[in-house]
Amino acid sequence: MSTVEAPQTQAPKPKTPSTDSGRWRSLLPPLIVGVVAVVAWEVLVRVFNIQKFLIPRPSSIIAALSTSWADILEGTKRTGYVAVSGLIVGVIIAVALALLCTRFRFMADALTPMAAALAATPIVALAPIYFKWFGATDPTAKQLVVVSVVIFPVFINTARGLLEVQNVQIELMHTYGVGDWGILREVRLPNALPFFFTSLKVASSLAVIAAIVAEYFGGQQGTLGSIITQSAGLSRYDRAWAAVLMAALLGIVLYAIVVVLERTFMPWQRAEARR
Amino acid sequence: MTTADTTTPAIEIQGVGMVFNGGRPNEVTALTDIDLTVQAGEFISLIGPSGCGKSTLMRIVGDLETPTSGAVRVNGKDPRQARLDHDYGMAFQQAGLFDWRTVSANIELPLELMKWNKARRQTRSSELLDLVHLADFGAMRPWELSGGMQQRVAIARALAASPGLLLMDEPFGALDEMTRERMQGELVRICAETGATVIFVTHSIPEAVYLSDRVVVMSARPGQITDVIPVALGERNEDTREDPTFFASITAVREALRGAPVPAVTGSNSVDTS
Amino acid sequence: MATTAPTFLQKPVDPARSNSGRSGPSALSRFARRTVFIIGGIVAVALIYTAVKAMGHATGGTWPFTSMPLPFSTDDVTMPPVMDIVLRFGQPQRTGDPKNLTMWILEAMLFTFREAFVGFIIGIIIGMAIALIMLRTRWLERGVMPWVIVSQTVPLIALAPVVVAFGNQIKVPLFSWQQWMSVALIATYLTFFPVAVNGLRGLKSPTPLALDFMRTNAASGNATLWKLRMPAAVPFLIPALKLAATASVVGAIVGEISAGVRGGLGRLLIDYSAQYLSDPSRLYCVVIGAALLGVLFVALINVTDLLLMRNRPREAR
């Protein structure tokens, strides 16, 4: 998806002292809304005796999660493995391509429109073809789906960050007699970091989506995707929802890891992020 | 034009004070004990260091802030009523034009909000474009104009509903010096043609002196009026900037800003003429 | 708000637009350049594909100069020749079928597009409605917005099979719920989350100065909404719509697969995949059709973008 946002390039805002009370004040409303929503969901389903195929109660979802815990955990591991390994490979390829673009500008001209067009396509539809290439039970096919989905946003953004640097900074480096390699290290890479992490957040969500959607097309059993489809097919909606819950958790955990990485590698962005 | 009769002052400010975040640790007294009366047709500048509350004072007059104490009358009315009656137009430091509207449509926006019909709006906007010497630019987009031209459009927009009162918050602050002087000349001409009362916030001493009938000097912490300096320059033209009276008034304002005694001018703290 | 919006939804940035000022190449020539590069890319992919096949054929399925087997087979069933795929478009879907494959795929694209588009439009309406409510109700914004933002990191599409099952059971009076509507429902919820996030950001984007200006002109809340906030929100909405358009197509295809809806691309993907051994090229054709649908949908948003933003500065924020 090509519409990834460029990080704001304005100077970081001065760090505001984030007191514990301030943090609580902003955490409390969503917590209240969340708790109220879950309780209302539970109560409404009970009171109106909504049939469980419509929406199972939160308590029965939790119950299903605990009874099927072993299966769902195994499924989460399998799906998570595909998502994470595909993500890592995709990111490496994308960054390598972006770095090549700083060397060969024509590559940027040629690859960027292609990447933008491909980002608009439902790339997961490639899954059936990949299944034919690598065999449906081999996770390679699904990993390749994840790689294909992840490459475009990371490439487009990283290339932007590497290429769209301030001319003043480049000229300053020239006056110091620094070569291309030094410019890359001192100017381009730091400039690209926020772009890269922004796209990595997108990519981490896309990776989980791609892995699960690929699983909907068939292939290996015992994954989150197959648990969801099978349970839904067998009208065991509480179990399906439990698997969806784990998929959501997987997405959030991956995203959180990226945020931690971002704060580790770009401590100067922390104040900005906390606005 | 002003709906009030000529005996009513355009603006009456009595004992106005403004405290932000009252009662909290970050409490700030922005204004204290402000008295000021502006007669219809007068051009008044507010000048002072950053944080002296000159913009706040103007925003109180425009009903963008409510004072914590004191009373304000605009054309003899409550500021809120004056705002609802479109008694004044306001121009800001940035032109603040809407990108998605043509220059004409920007000028017509206040009239649209007053439910004028299209034909009337168009007549009025072309009058205003003539007034600010932008007759050929009505169909263009604001972002296609230079900063000075954009600011002229903003002034035309402020004048759209023929308000008797113009509130201008450093409207030329972002312009280069040459453009700025030209704009000052234009503003003097426009005021002469429309007879508008103007409150003008500025950081620039020559600008305040060149434009104003009276320069209101303010000091910070707490924001208050320290001096009011009348400027007797007569009709302004480009020669005015070379006039010895011009320099004398600049010196007077500068010394008032420094807090030095100003023997030449009446050093009254209160300018309540009533 | 402690939670920051996922940054990919924050600021509208279109690489095509970053070429600031009017001095750059005209929109038409940039479009032509991009088209040339895209066609070049397609040709390049076809050439690489053919080269890999040729390599596999020459080495007997190993990496060149080694005995390491390739991770996939390069025979004509696993990787049908490019020309077979191209020609397949002009042949009947199956022997004796009067309609050729292109017609089948076009009809499936239209069918899937209808589901995705209906859901997409409803999603925009709901998303904007939520954004407007949050704009007016501060406590709701503080309570709900963090959840909407978290939803962006969650694979919402995982819900598709459940939503489809849900739709199958639904009984609405005076109205017969059809399966394609369940599929549209998926596109709806995939759309309304990003639209709500970016819509709210856009509605809140006017500067204090612009809001002061509206206030000094005694503008009503409605006038401020329609003459200031809505136009200001457009550049924020476009990126969300592009994301949502692609997601809607994916959602529709996944929904079709889960629900077993006939007539769309999802069904063709499954059918042609099942009959792959007897007719491999067809699967490639329908995948190309799916890609084309995604591109066309996003192109539709791009055209809307150009129309809505034709009067804005090129470097629009």
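Things worth noting here:
First chain written, first letter: the chains are A, B and C, and each begins at residue 1.
Keep in mind that, in the parts below, a residue touches a chain if its C-beta (ideal position, glycine included) is under 8 Å from a C-beta of that chain, and two chains touch if they have at least 3 such contacts.
Just so it is clear, the structure is predicted and the values come from calculations on it, not from any experiment.
Listed by label, the chains that touch subunit A and also subunit C number zero.
When chain centres are defined as mean Cα coordinates, B lies farthest from subunit A. For this pair, subunit A with subunit C, the centres built from the Cα atoms lie 17 Å apart. Centre-to-centre separation of subunit A and subunit B, using mean CA positions: 52 Å. For subunit A, the set of residues that touch two or more other chains is empty.
Of all residues in subunit A, only 1-8, 23, 26-27, 29-30, 32-34, 51, 53-55, 109-114, 116-126, 128-129, 131-134, 140, 153, 156, 160, 164, 198-199, 201-202, 204-205, 208-209, 212-213, 216-218, 224-225, 228-229, 232-233, 235, 237, 240-241, 243-244, 247-248, 250-252, 254-255, 273-275 touch subunit C in the complex they form.
The touching residues of subunit C, counted against subunit A in their complex, run 1-4, 6-15, 18, 33-34, 37-38, 40-41, 71-73, 78-79, 139, 142-147, 150, 152-155, 157-162, 164-166, 169-170, 238-240, 242-243, 245-246, 249-250, 253-254, 257-258, 265, 269-270, 272-273, 276, 280, 283-284, 287, 290-295, 297-299.
Residues of subunit C that touch subunit B in their complex: 207, 209-210, 212-220, 223, 227-228, 231, 234, 311-313, 316. Of all the residues in subunit B, the ones that touch subunit C in their complex are 59, 62-64, 83-86, 88-90, 92-94, 96, 98-102, 109-110, 112-114, 141, 143, 161, 167.
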